[in-house]
Structure formats: C-alpha cells, structure tokens
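Okay, here's the structure, questions in a sec.
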C-alpha cells in the first residue's frame, strides 16, 4: 500500500509513531491473532520445502524451520528488538539501542510485549524465507548459527523503515507489510546463500536423473498454510483494528487474495507453455505465493 | 438457526439489511478472522480427498483445491459479488447487478471489502465441496473451467437468500450459515457431477481389488482442519461480534461441536454394525463432518 | 503466572469470579478465537504421536485424537461442565452441580456458551495429552471409554481451582493456564496408563531392532501445530481481552515463545551430548513443547 492510501485522510504526512503505537484492547486481539497466524508460516515454509527436496532430507528441513523460531527468538530477544526499536537516547538513524533482553513492567507491558511479539513473528519469517534457498546444502549447526545471525541482520533495515529514528522513515518511505524489511532482506540473503552454496547436487545436471519431490501433497499443503499466513501478515500489518485500520485490513485481505489469483493464473499459463502442456507444481505454487505475498 | 433465535428480541421481522451490514472495527476482527479460518477449509478438503484416493492422484487433488480459490476468486471478483450483492438499481429478485470487478473508494471500502472477502470464502467453499465428488475423474483444465462456472452458479442462490432483494429473503427465509446457498448448492452440483462422471474405476466392482487409501493419516488431518473450519464458518456467520452477535456466535460454537459429537458417534456405531465390528475411517469422518457442518 | 502478576494493581485478593466471568463482545472474540486454536491441538497431538509410532498404527492414533473430542465432548456436555462449574446451590468445595446437559436461554447464553466452549477445549486437551502415553497399546473401544471417563476425571480438579467454591481456589491458589488442572492431571493419567500398559513392544529391548518413526516430518508438523496451540492456550487463558487482560495476554505470548526457545535449545544440547553429536528429533520437540506449555 502506498503512503497516500495509508493516511486515508489525504493529509500528506506519514503516520506518526504515536498513531502506529497506540494500542487498545481490541487492537491487541488483532495484533496477537495475526502474529499467531504468522508463526504458522514456519510450518508452511517447512512443508513447502520438505515436500520439494529428496525424501531423505524431508525431516531436516522441518527441523531447520523450528530452529528459525528458536534461535531467531533468542537473537531477537537478546539484541534484535533493541536494535530495531530500542528507546534509549543513544539510538540513531542506523540502529536503536536499549531494551536488550526485552522486558517490561506493568505500566508498559501491553505496548512492549504486543509489539515485541508481532515484530518477532516478522523477524523469524525473514529468516525462514532463506531456508528454502539453502535446502539440502547446509548442516544443522551452520544453519543454527545462520538463524541467529540473520535475525540480527534483519533488525537493522527494520529499524531504518519502521522506527521513528530510521533514516528511510525520515525520508518519508513507507513499508506496511515488510516488502523491504522482510522480503527484500530475505530475498537478498537467499541469493547470497545460493551463490555461496551452488545448486543442489544434480539439480541442473542434464545427465543425472531428475530427482523426485519427496511429497507434492506436502508442497501444496505448505502452500495453503502460507496462503493463510500471508493474510495474517498483510492484514495484521495495520498493527491494530480500531479507527480506520479495519478498513485497511479488509482491503489488504482482498488485495492478498486477488494477488494470489493473478499469480496462480500466471504460474499455470507459464507451466503449460514451458512444460509441454503440463502443470509444473513448483512453478504453480511459486506463482500463488509470489502473488499473495507481494 | 431459525429466524426466531436470530432476532433474539422476539420481534417478528427478519434482521434488516442495515443490521447485518453495519460493521464496526471489532466486528471486522471477527469477520476477517473467521474468513481466514474458512479459507483453510480448502486445505482441509484437499487433504481429506487426497488421502482417500489412490496414491497417484494425491497431488492433483490438492492442486484442484488451490484452483478453487484462484479461478473461483477470479469469477467472484469479476461477476459473482455483483450477481449476489450488487447495489445497482437494476438489481432484482433473481440477481444483483453493479459492483462488477469489485472495488471501493475510501468512503465505503471497509464495508465493501470485509463483506466481499467474507462472502468469497463462502463462494470458494461451495465450489470445493464438489471437488471430492469429482475426484480422480476430471482433468485439470476441465476442473479449472468448472471452478470458474460453479462460483457463478453459487452467486444466484446466495442473492436469493442473503440480499435484501432476493426472492427467498423477501418470503422471510433465513439461512445463517449457508445450509442452502452453500451446502445444498454444493451437494446438488456434486450429485450432478457424480451422475455424469460415473463412479471411480473399480470403486463398486466386486471383482477388482479394493484400492488402498493413499493416506488415512491425511484423511484425519483434513477432517481436523475442516472441523475447525466449520467453527469459523458457523460462528463467523453472525457477520460481526458486537451487540448480541457474540452470544449467537458462542451458541453456534457449542452447537457445531455437539453436532460433530452426535455425527461422530453415529458414524462409529454405523461402522461397527456394517463393517464387521471394525471402524471404517471414511464413514467415521463423514459422520463428524456432516454433524459439524449441519 | 503468579497471583501477584495477575492482579496487576497490587491489590492482594485473587481475581473475583465476577471479574473473570464478565464477558463483553470483544472479549468473546478473544475467547472464541483462542478456543478454536486450542481445538487444533488435537490435530497437533495426533500428528506428533502418529509420526512417532510404527507406520501401521499411524491412522489409529489420529482416530483416537478425534475420539477425544467426540466422547470427551459428550461427557463434558452431559456431566463435566456441571461438575466443574454448575451453579446449583448443592455445589460444594469438591464439585459443582447443576447445568447437566448444558443449555442456556437467551438471557445468559452468551456467558454460558462462551465459557462452556472455552472450557471444553481445555477438557479435551487434558484427555488428549494422555493419548501419546497409551500409543500402540490400547484398542479403540477401550480408548473410547477412557476418553469419556478421563473428561470426568478432569472436571473435578478444574472445579477445585477455577470455580468460586473450589477448595483450592478458596485457599488462594491461582492456576491461569491449566498447569495443574490440565497438565498435572494429564501427566498423572499418562503415568498411570504407562505403568499399566508397560512400554511399547521392543521399545527398550536392546535385542530388537529400533523401530523407525512412521513420519518425522509429521512429528515436526505436529510440533508446529502444538506450538501455535499453546499460544492460544496460554494467551486465551486471560478469558477476555478488555481492561488489562490484553496486557497479560501479550505477556503470555512472549513468555510462551521464550519458554520454547529455552526448551528447544536445551533439547538440542541434550541431544548432541547424549546421542553422539546427532539431533534426536523426539528429544528436540519434547524440549520445545515442554518449554512452550510450561
């Protein structure tokens, strides 16, 4: 969504921090429910990826998506939330400071914990996006380290665009549902990982027999879970439901579905053209997911 | 639920359109969350069906349930919502008009998009109900066409019963959670499809060996997903939570679970009687699902 | 959460029944959504367990988790809710009475049904926790009987700690998310069942070959579903979102995730030490789940 739509009242200033941060009890219902939904995306990515790899690596992919939450959760609690949204006065345009080992007392725990929990769901998603790009080519210990570090990597751009002090925010940039901080960061990390790790063994080797997917059923099940996850992700990004936010959340829901309609149709057409009139499942689901997340 | 219960205040008029359409921010939380849940039923139906067919058709069933959302979504956006709830003055007792290629401006986008999104979740469910009846006997291109067309088929009865102008509505008929517009339409479509397609190869052939289900585990997992889906479906049909609606939603939740209790017990008893004292999984889950959806 | 945190305003009395029972429409959104999520834990436990047993018992475990809802639902509707929260004056410190075959009229149906539905989700969870301890060693009819009876067993401690008249409640005990009534009851039932049923055939027999898990992928998928289930369980236990409850729900979300972070790391370290530097999936997921439920 662009800035003009967001502000809705045709005022020309971007939404203030106060506006975004003011949370009421009915906002909390929306924020927490959305974050719960976003956490299910770990399972969705896990199934999507584990269904595509060879059968012997199925379970290890699922484990890695659990590791994303565990070590990403550790990193975000220790450092990440502070780097993104720390409120200490030493915070600057590049990173926040303060709120390390995030805690809160009774006066501000609602604001802090609802924001922390929602932002954590974004942070772990940014990490898990990369797990597919590294599938079948990383051992678990290396991946564990990666999960920890990538969560910190994410915390900086999240500060730039979402914190009051962030330099991108100050320039007037608006990123409602993480197309920059989550998708671009995840995409670039995935590209770097792919360049370093090279393709999967035999993936583009014309002589080796094409490996079978472990479970096309799980690929589709994972796609459905991510589909619903993007609804939580995009609609929950209003960070509340009161005031006019429910109108934006409703629109985001329709746009998400319509995006997946377009992406799915395109994926299907592309499949029929390039794969001898047959549906290629990975192309098809990539179309759906690219459309719904965009 | 019958009309008397719905009105709750023992007034004898059916709920007015204004009553049903007035949406507040806390209603939107309920409407959108319910619709998210209803969309997961596509995955539930997919697993239920793909687990029951032979292994080679597992993935194609899942694809078809994705197609339901994609081409059903296209049809509903282009025509369906207009035929059901279009507000143009040319609308009549048989169909609505206006709102083709559904869009809204800032003044009404909350009302339009929340209603559109919720109704779309119903429309795609009406279509996906049929996918099981056609399992293993339709190619993907035919099914894609079917998905598009069935969504339009559904849009007419939905107008009759849920739009102010609908002829059934004007006669005083009330259908809260789609027993007519969704289940009857889906059921009749499925029956027509079955009559046209004939049974699955070998399904009722005493000479051919009984085919094994691809995955009984997935049949049950799909059942669980649909179970939770019916909770969203039946309770979300209050189309809001404010005023007295939360009371009806709470009752709908209890009735849904109690329905599945009765259906599951009946399915189990029927299994034991007709299948030599053994539990027949398809009969059992059909009992649960018929009970919870009814 | 301890009593001091719950009361929040540093008054020293435990929360009154009125405080806990007063439900508004936005509370209902939270209560019902949480209960929906809690019901998905049946599928989560089902997958976790069915993935761990031998392949031939996969589906029967899933069936047993469905039986938990069906026969647990029957028992809770007939007797359980009455024993826990019946409002008849004959109720005492040991059990409630009244509200057998739970029903309500229009004046109180919101309060009664939202509470019934939420409590039912707890009751069936207490039962399903035990299904894993009995895996592969009970026939379906015996398990069906167990499901019915264990739901009644659970109803007594639930009364002691959560009803105004309960003797533990009167002594000032507070149990927000069921660590006593659900986990302790489920754990003790499971221990009794294990002692009666003995280990699974060959489970601790050094001579018999170690049986393969039916599906490690499903073990992880079940873990993800339970993970999200605990979020609904722990956060939904505020039984509402209005007033200060949303603050406690937000904190519960963070504590749940941080608990699973700690449990997962511990499970991983324990695996590496005790299983020759390899990750043992059952140990790992037990760590995650013990951490998030605690």
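A, B and C label the chains in the order they appear, each numbered from 1.
Here is the rule we go by: a residue touches a chain if its C-beta (ideal position, glycine included) is under 8 Å from a C-beta of that chain, and two chains touch if they have at least 3 such contacts.
Computed from a predicted structure; not experimentally measured.
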{"item": "Overall pattern in which the protein chains touch one another (line/ring/star/complete/other)", "value": "complete"}
{"item": "Copies chain A and chain B touch via same or different residues, half shared test", "value": "different"}
{"item": "Computed distance of Cα centres, chain B from chain A, in Å", "value": "30"}
{"item": "Multi-chain contact sites of chain A, meaning residues that touch two or more partners", "value": "26, 29, 33"}
{"item": "Residue numbers on chain C that touch chain B, as the complex places them", "value": "23-26, 28-29, 32-33, 35-36, 39-40, 42-43, 46-47, 50, 58-59, 62-63, 65-67, 69-71, 73-74, 77, 102, 104, 106, 109-110, 113-114, 116-117, 120, 140, 144, 215, 218"}
{"item": "Touching residues (chain side chain C, partner chain A) in the complex", "value": "8, 26, 29-30, 33, 37, 216-217, 219-221, 223-225, 227-228, 231-232, 235, 241-247, 249-251, 253-254, 257-258, 260-261, 264-265, 268, 279, 281, 284-285, 288"}
